[in-house]
Structures are given as structure tokens and as C-alpha cells.
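My structure is below; once you've seen it, I'll send some questions.
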Amino acid sequence: MVQETVHPLSKYLREAMIPHIWCTGCGNGVILNCFVQAVDELEMDLDKLVVVSGIGCIGRAAGYTNADSFHTTHGRSLAFATGAKLANPELNVVVISGDGDLFAIGGNHFIHAARRNIGVKVICANNFNYGMTGGQQGPTTPLEASTTTTPYGNIEHPFNLVHLAAASGATYVARWTTLHVRRLTQSIKRMLQKEGFCFIEVISPCPEIFGRRNKMRTGLEMMDWFKRASVVENFSDPSKAEISTEKLIVGEFVNTEKVSYEKFLHEKISQINEKRVGW
Amino acid sequence: MVNIMRIEIRFAGFGGQGIIKSGIITAAAACLYSQKNAVQTQSYGPESRGGACKSEVVISEEEIDFPKVVEPDVLVVMSQHAYNEYVERVKQGGTIIMDPNMIPHEKELQNVNVFHVPATKIAEEMQRKIVANIVMLGAFVAITGILDKDAVKESIKANIPKGTEELNLHAFEKGFEYAKNLLKS
Amino acid sequence: MSKKGVLLTGAHFMNGDIACAEGAIVAGCRFFAGYPITPATEIAEHLSERMPEIGRIYIQMEDEIASIAAVIGASYAGLKAMTATSGPGFSLMQENIGLAIMTETPCVIVDIMRGGPSTGQPTMPGQQDVMQARWGSHGDYEIIALAPSSVQEMFDLTIDAFNLAETYRVPTLLLADEIVAHMWEKIVIPTAEKIRIVNRKKPNVSPEEYLPFMPDDLVPPMACFGEGYRFHATGLTHDEHGYPKTSSSEVQERLVKRLCEKIRRNEDKIMRVEEVMLDDADVVVVAYGIVARAALSAVRKAREMGIKAGLLRLITLWPFPQNHVAKIAGSAKRIIVPEMNCGQLVREVERAAKETSVVFLSKLGEEPHTPMEILEAIRRNS
Amino acid sequence: MPERMRHVPLDMEKAKRPEAEIHIIKDQCKGCGFCIKFCPQKVLEESQEINARGVHPPKIVDESKCVICGFCTAVCPDFAIFVVEKLSKEEIKK
């Protein structure tokens, strides 16, 4: 056994910004780990990788990744990413953000990015609440869950993110938990190689903020829930992909081919003026 | 051609009559095809069709500072509503060119020259009501003499959809001839 | 469909919106993202046809928030980028204008002012966004805003806006009004050699040595995505590496002050005014946009009547040309400020004019001030 | 286990089971316990020592039980543990 050594994935991280800000038991680090593992396995060109994030705990992931990265305003990561991807289609643009950022304040951008089929890849850390601002109710908070703004229990129905992504037109839709590290890594690899808009939801523990109000005080307890309740149902109907204490349906739900927006646009430009295709 | 310092023209009617287009054709004829300065401004409501609409043109041999019409020398009007709104703001000794079929209620006016040009009816006879504004434009050119006929025809060609040149130029000539006859009588 | 080149040299008859779009094309704008709104829509419509035919990008986003976000993304991916809107959309853009300020993103935002507040008067002119342009986003910053008075200036100043945006890495505003935007007038597009184009300053050090927010003469050279520099940018307070330093008063002071200083210390190079008959003027009208044309007419009429009137037309609204105003305040007896609002830029004029009395002429609604209204004010105050 | 699966490969004696080399970067650990709890071979346990972040990092109970599944590597939010295959002396020489 060797004590002090360098982690093989550390070259994908910005040394100056590590350690990250995430709490003990938080799943964000697992997601970042699986993401850079996928990048490593694919031997991706880091010079062509752009990681974009919004606001929230997971929003810091962009800064931790040793590629070009941009930390946008709250909810606008996908709109920013759309501009970057269109401006330079050679870039691999990945959005890593949270459920609040992508589906509350950024919900409109999400459905339109999916509809347009812009070739941006999205990893959403779903922790069921607003962690960074102290645990308020969000668009994925389960019914009856306790948060700092639902002290009597949540009475709003949560979004089913995979159903929403599929209905909006995403060409790849999957859901995993932070316990499904190998499946998640495989899924990220698959997504990174696809054309068009892709979406992976990762159910992630937030023990300090969400868990402790909902009888799961540690990351381990939340991961235990994932282990106990998870059922892999690949290519099942995403509208029936429930998330409950008893059952947590995960898997790949959509994997189709569709011409991406940027490819469509550039084909259009070539058709309009075959002589002028240069940029 | 008269040498002009500053002439103000107001085209008015409702949305869908081609009022704005008339102003643009007139101003373009002046500045691109007649070596004069011209500017067109417009005012319209939120409706695409049927709302009050005006298009104003200032033509001058000199540089145009203020581009809006203050007291028009010429009012070309194609709706009752616009007539009621603008008829009393025409400059003393100015000219009103109106479509009588669109304006059933006419007022008694002092000190202005009024010409009746049934442009909508003429356009309907051509089976193309849409060119009523161009008929009116023909009449405007004949009556006012501010612009050269050929310059306006060039401007029409440059500002209408391709393939409609013949129809529009025909409409223009109809209006021009009608007004020439008016002037004779 | 037309197949035109980039530069349409020659005389044209076009409206202000189209002239602005053509100016953007000439300036090197390769990315336009927008959302339809009266009276700026013609810019988007025209670019939706023109951009693809010259191999450039046009996209209609889902709203104005997304439009400016996409513009920032495209600018960071290396392209000159623009969006165009009007009051309600401009309000929505304020958040990301702040992001563009903070991340020093070169971009151009066109705001065609209509009557507000709220949806107000969609098809009517206004000058009510002048203070929003200056202070609309939260926090402290300096911004550049140009106010065209003619169709020709819609073209010329759009090019200038791009040049300023790229020079200072700052979002630059073209603050026009509905009349100038919808007005049709002759413009002359010059030949290529007569047009000055500024491109952004790129780093000349290796990626290892590159600090993305280390200023070189107040403005940091800009690497873009995909160029191998692997930099980070954030809307958070950041150090020269671009890394968040949200708890440091020192970093906050250094960054925000520099963001202001890079404009303030270059004011003389940025500010532009037009001076008409100011030398001996007793009464000076300070105006901008469409109102400046009524003012010019009024000043000429006043001179014909023997009144010593002059016009200071502001082309740059922000940074506010206070030295120019201070100078006329030293010689003139009265300053008249006509604006299509309830009093916005007049307060800046008052501040710069110090002892000299300033008369404000407000007008709202459909029409700008007529020359006669301004002339009347000149007569009363001469 | 069903009967038919009890058959042992004929070259079982020759097959070399890869040996694990577990690296723990102790001071990077935030003590979530994921690697300990979810290790299928129960290779790790919480140590008594306190690291620079004030938590108990994992320690190895029995490295020989490790099958290099890599779960601990992937599940660690802090990039504080990874496993590689231990190279034999001959392989190192190469």
C-alpha cells in the first residue's frame, strides 16, 4: 500500500480550486468523478471540451474541470451553451447543473434546447432541493417532503425530469443515482459520443440540507435508499419512471438519432450559398 | 419639376392598404432616382390590418433636419377615419387627394385643393384591390408634379415583390391618367 | 432569395433597423441571437436572411434572457455577436448584461426605445431606457451607449459599437428610438478601406502562462473556447486566474474598480458629440436621437430670427460627455434639454452644468418635440 | 450455487489472480464512508486517525480480498482513493 500519491484523474481537475466546496456525503463529487472518468476513457481532447454550469452547488463543477469552463448566471447555462456550440460546433459542450437551475429558473431554456436539438450534453444533479441557498423547495422536491420553505410538507407535484426531457425531444435520456457509478460513467460516455441534445439525470444525496429534514441524515443513508429502492428498467416508459421511497426507477429511457440543430443550420447555410461555407 | 425647399406629404388610411409602402416608394423615388433628399417616417397601431396608419415623407433640396411632418403640403387619404383625423391639419393652400368611395362623409374645407380619385374602385376593376395605393400614387404624381414620373416608376419596381411589376406599373398609369383628366376638366 | 456580399458599398434607401443589421455585418458580427419585439424586429428579420447567405449564424431564442446568454456564449466561443431588442426585452436582458460586464464579454446590444413602462407603447418612440442602460443591471459598472440620430448613423454607430466592445471587452449598447429605427432614409455605405474594424486582443503567451483576467493596459487579452488555454470564467467575483474569490474584499475592489476604470480612463477616446453653432451661443440645446433633429431645426430657425442658439448633440450617452456640457455651461446662459421621457439625461446635464440653469422639455407619446416647440423654449430663454 | 457452475477451469492453477494496490490519499478524504460501506469485498474500514479535514479516512483491512472492481475509485466524491493492479517484479522491470 502506498500512502501519498497522485490520483490518476487529477489531471482533469484544476488543482488550485480543489478541495471542492461540497459537503461530506454530497453526491456532486461522485458525478464529477464519473464525468472525468468518462472523459478519460474516451480520451477526449480537453482543448475542445467546454464545461458550462449554472448556479447552485453543482454549478462549481465547471470551475473544477481542467478544460475551458464558464459559470453562468442562474438558469442560463443552456442558453449560453447553445450560443457557444453554434458558434463553434467542433467544441464538445457539456452542461453540468442542478435541478433548480435547469428546471425552475432555467426550465424554459431546457425545453427549448431539447426541442431545437442543439448538440449540448446535459448532466443534471437532482438533489430534490436548493442546497446552496439552504434547502428550499424546488421543482423536483417530492410531495410531502420537508424543506425550509415547506415546513408543513411539500404540496407541489414534482417534475419527472426524464419524462420532460423525452417529451421535449432529447435524443438521449437516462437516469441513474450516484450509487450507479459504472452505469453512470458508461451512460456519460454514450452521451458524449452522440449528436444532438442529450440528458442524464443523476439522483444525488444531499444529506446536510435535504436529508436531515427527511429522515436521512447522512450520505450513507441516502445511498442506502438508492440501493434499496432502485430498479433498472431500461427503455421503459419515462412517464412511468417513478421516484418514491419504495421505488426508484433508473435506466436509459431514450436513445435515438436525430439531426442536431447545428448540423441542420450548417447544411442550410451550405445549401443557401455553396460557395461560401467558410467561417 | 418644381424646385423645392421642404415639402411635407402625408399618406393616411388603415393598415393593409399599402400606406407605408406608398411613402417608402415616394421617398425612395426622390432620393435615389431624383437627386433630392427625402425621409420617410411612419406611425401605425399594433394591428397588422385595419388599424389607423400614416406614412409621412419629407422631400427637400437641402439636408433634412427634422424628419417628421408638421403641417403637410399634401395629404393623400384613403379612409374615413384618417380623413377625420388629418383633414384639418393640411397647410393653407395645400392639396388633398382622397378616395371618395372610402370616405363617404366629406367636410366643407376652405383654402385647400381637393381631388377625388376613386383608387379602390379602379383597382377593383383591375381585379386587384391590393394595388389601390399604387393607383393613388399615380394620381399623386400627376397632381403634385413634385416628382418625375419615371423616377417613381423606377422606385415602384425596386420596392414591390418580384413578378408584380406589370400589374403595379399598370395601376400607376391608371391613376396617373385619371388625375391628368381631372386636371384637364 | 438575394445573394449579396458582406459589404453593400453604394447608396441605398433603407430604414434604421436594416441599416443597423448591415452595419453589424460589416463590423464582422458572425452571430446574432434575438427574440421578436417591436420596433426592433426588422433587425432580426433582415439578419435571418442575410446571415446564412454569408455563412454566418442567426438564431431566434426562446426569450431575451436566452438571446443575450447565447450571445455571451458565442462571443466566448470566438465570434463577434449581437442581439437586438426593445424596452421589455431590454429589461429581461439586464441580468446577463451584468454577466457580460463581469466576464468582460465583447458584445453589442441594440435597444430600440419605445414608450414604457411595461409593454407601454409598442409602436411609438421613447427615450425612456437611458437610465436603465446605465444602471439596469445590479452592481457597479461602466457601460458604453451610443445614440444614433439618422439611418446613416444606425449603420455607422453599429460598427463603432462593435469596435468599442472589442477594444474594451465591454457590452456596448446602441440606444436608438422607434423613429430612427423605422425611418427610411438614404445611406451611403463606403468602400472597405474606409471602414475601420477592430478585432479583439488575443493573448501572446502560452496557455501555461496565460491569466485570463490579468489586464494589459486595463483590458485583458481574450482567449476563447477551443484555443487550448483551458481557462475559467465566472460571474462570481474572481481573481486574475478567473477563479472565484467571493470572500475577498481585496479581489472585489481590484476587479470592480478595474471594470470601471477601463472605461473611465478612456472616456476621451470613447466620447463623441456633434457641436453646432456653439461658439457664440447664449442658449444651447443638448439633445440626442430623433429629438436632436428637431433641435437642429429649431436652432437654425432661431439663428434666422437673430437668436444666438446652438446645439450639442450627444452621440455617446454613456460614458456621459460631462466635459463637453461643462464647457458650454461656462459660456452659455441657458441650456435646454428636450427628451422623450420625464427627465433622465437632463439630470446628468444639470450635474455637469453646475451654476448654469437647465430647462427641461419633456414629451411623451407618439411624436417627438416639434421644431416649433423647441424654438419656443429657445425664445423664452434667450 | 447450481451444480453445473462448480466446475473449475482446467488451467486454474496457472491463472494468476491480479493483486490490488489500493491508494488512499488520506488528507483529501471528507469521510463520507461510501467506499467503506459499498465495497463488495469489505476491504476497507474506518480508521482511528484524524486527517487534515478532521475526519477518519478509510484504512485497508485486507488488500488481498480486493478484486479491483474499481467501485471505490468511482464513488469517491473527493478523488481520495483509487485502486490499480499491482505489478509483479518482472513487470516493473520491463
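So that you can tell them apart, the chains are marked A, B, C and D in the order they are listed, and the count of residues begins at 1 in each.
In this text, a residue touches a chain if its C-beta (ideal position, glycine included) is under 8 Å from a C-beta of that chain, and two chains touch if they have at least 3 such contacts.
For clarity, every value in this text was computed on a predicted model and none was experimentally measured.
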| item | value |
| --- | --- |
| Whole-Å gap between the CA centroids of subunit B and subunit C | 35 |
| Approximate Å spacing (C-alpha centroids) for the pair subunit A, subunit B | 60 |
| Set of subunit A residues in contact with two or more other chains | none |
| Contacts with two or more other chains, residues of subunit B listed in rising order | none |
| Residues within subunit D bordering two or more other chains | none |
| Category of the chain touch graph - line, ring, star, complete, other | line |
| Listing of all chain pairs that touch each other, if any do | A-C, A-D, B-C |
| Subunit C-touching residues of subunit A, taken from the complex the two chains share | 14, 16-17, 46-48, 50, 52, 60, 62-63, 66-73, 76, 79-88, 90-91, 108-109, 112, 265, 268-269, 272-273, 276-279 |
| Subunit B to subunit C touching residues, read off their complex | 23-24, 27-28, 31-32, 37-46, 65-68, 70 |
| Interfacial residue positions of subunit C with respect to subunit A in the complex | 1, 3, 30-31, 33, 52-55, 57, 59, 61-63, 65-67, 69-79, 81, 95-96, 98-99, 103, 225-236, 241, 243-244 |
| Residue ranges of subunit C touching subunit B (in the complex, touch as defined) | 11-13, 38, 122-124, 179, 182-186, 290, 293-294, 296-297, 300, 366-368, 370-372 |
| In the complex with subunit D, residue positions of subunit A that touch it | 1-5, 7-10, 13, 18-20, 22-30, 32-34, 37, 178-179, 181-182, 185, 218-220, 223, 227 |
